[in-house]
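Dropping a structure here in structure tokens format, bear with me for questions.
Each chain carries a letter (A, B, C, D, E, F and G) given by its place in the written order, and its residues are counted from 1.
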């Protein structure tokens, strides 16, 4: 989940969510960064309205997670 | 919320959640870091069982998200 | 359920949900394809609004989440 | 969601969920496959028991249905 | 319940739900048809919105699914 | 759903649920029968204990009804 | 400048040494706070010093000397001078000031209150059995406003009773009763008035962090990340199970909607059909049209 958190910090700071910035944040936290995961994250977020995606409860997950817990 | 995200990245990377590390993560994300907020976060999280909070969050999301909407 | 998943991938890629395409997807996944099931699937989906059916799935879990909380 | 569907088909066929197989399934469906997303998916699934994850979902709708009624 | 099922099949095929048609369906299924019940059913259904009645059951299946699991 | 209804009528009449019988019931109702769906239906029902499936469903609606009340 | 030179000339050697020692103390810590020590019995103060040992250090002296030492260090610490009134001490710590505040709060202990003191909060005699045998004490309780009776062989308080409101002066009678019951309504400890830490002056209100709020923030942050991961279809180990569930749920929903004759769906299709036939039957008024099992 650390990759997603990194994107969320950038979203709040206003810096662009690109591969360099995500990598920099993760490295500052001592994460052993995998380039492909960074790429995938940036690609996945490209067309996403982050604010909206954060707020709209991902339907199943919550339920599923609690069921699985 | 960026301060909390920073703590969560450190929690996942396994690096200590201390003032230096939180500041480093935030600065890497271009956040204009307020030292006192970092201090407050670090002091507060000393008393929080982060793993437990994360797990219990799994149950919360849907509700939390809709509550926050 | 693999036949249905195949149809759903085609639904997302935009390729037609026909016997050839469903068969191709399943074979690529190493499924031992039964022609009659493919035919039945394609016939059954003919009059169904897949997007709508998917969305009705999303509606349930969300409720589940709050119920489970 | 097509990447996840592809993983689920492989799970049912019994073929390994690796980058090559996921890519093959998606390409057969005419998806313009992004390598990094495949990598991210496969990495995320590494320690996940798919059957268990799906079944814990099955338990949820019940609450959802009655809760929603 | 077979009489009511016969009505449901006719409802989907679009053929009229009348005594002849209900009787034909039941006989094709090897049912020893009671004329008076067919009459009563057809009369009773005259004022029923079948689609609506079916949809009111739609909430159940999801629950049923988990119940069956 | 007409294919499933047809199978359930046969289940009640006691006649075998085979391709011929299902087809006969559907044709009597004016359905334009697709052989592949009949085949798939009969094959899929082979391992299903219909009475049990119905009973597990019957248990739920009650719950659903009380939930709705 | 000349004024300070003049005072320096006039102060005795021991004071100079004391100021020097205090200055050294101040310089050795990142954060320095002023604490109110009024009303703390000396033995309790000793205990607190010992508890702080290792994370913080408490120094007391005459307020004028404390002020002089603060001035001497002169890197912003002099801002603490205004809090040097009454019985105070200085605490130094290399912990962060929020941590210091938490520690001081945690070290506070209950203490009895004396007649003539101002109640720091509502003083309550709680409902319950006092364990005291019937006697004149019940009258004393009633007199100060406690809902007391003799019941089942002892004096009982029937409901929580406020005997002195916050801000009121504690009377002799109340103090006596509280003493008799062993009620300690005060919280005694080092009361932080202000902290100066690495360039910032903190009020106690700034330092009172709500740990529960941070816990809630973590949950909300996790929820946001989950939502984003799933909605953006970026799988992570934490969210991929949920995505699998969603996908499986979607397939099931499509399968049921289309009545796909799949072995995985047959149970559900049969139960759906059954539910539908029952729902329709429920709309039929004429019992003659219903199968025996559904007739009322």
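The working rule: contacts are C-beta pairs under 8 Å (C-beta built on N, C-alpha and C of every residue); 3 or more make two chains touch, one makes a residue touch a chain.
Quick caveat, the model's predicted, so the values are computed rather than measured.
**Q** Could you quickly compare D-G and A-B and let me know which has more C-beta contacts?
**A** Of D-G and A-B, it is A-B that has more C-beta pairs in contact.
**Q** Would you identify the chain whose Cα-based centre sits farthest away from the centre of chain D?
**A** Comparing chain centres, G lies farthest from chain D.
**Q** So which chain is the furthest away from chain E, centre to centre on CA atoms?
**A** Using the mean of the C-alpha atoms as each chain's centre, the farthest one from chain E is G.
**Q** Take the average of all CA coordinates in chain C, do the same for chain D, and state the distance between these two points in whole angstrom.
**A** That gives a centre separation of 13 Å.
**Q** In whole angstrom, how far does the Cα centroid of chain F sit from the Cα centroid of chain G?
**A** Those two chain centres are 61 Å apart.
**Q** For chain A and chain D, let me know how many angstrom lie between their CA-based centres, rounded off.
**A** Computed value for the inter-centroid distance: 19 Å.
**Q** List the centre-to-centre spacing of chain D and chain E in whole Å, with centres computed as mean CA coordinates.
**A** The answer is 38 Å.
**Q** By residue number and range, which residues of chain A touch two or more other chains?
**A** Counting only residues that touch two or more other chains, chain A contributes 1, 5, 8, 40-41, 44, 54-68.
**Q** Mind pulling the chain G residues that touch 2 or more other chains?
**A** Those would be 221-227, 233-234, 236-237, 239, 241-243, 245-252, 256, 259-262, 265, 267, 271-273, 275-278.
**Q** In their complex, what parts of chain C are in touch with chain G?
**A** 1, 3-5, 7-8, 37, 40-41, 44-45, 47-48, 50, 52-54, 56-58, 60-61
**Q** Can you name the residues of chain D that touch chain C in the complex?
**A** 1-2, 5-6, 8-10, 12-15, 21, 24-31, 57, 60-68
**Q** Which residues of chain G touch chain E once you look at their complex with the stated criterion?
**A** 252, 256, 267-268, 271-273, 275-286, 288-291, 293-294
**Q** Which residues of chain G touch chain C in the complex?
**A** That would be residues 245-262, 264-265 of chain G.
**Q** Would you mind writing out the residues of chain D in touch with chain A in their complex?
**A** Spelled out, the residues of chain D in touch with chain A are 34-37, 39-40, 43, 52-53, 56-57, 59-60, 63-64.
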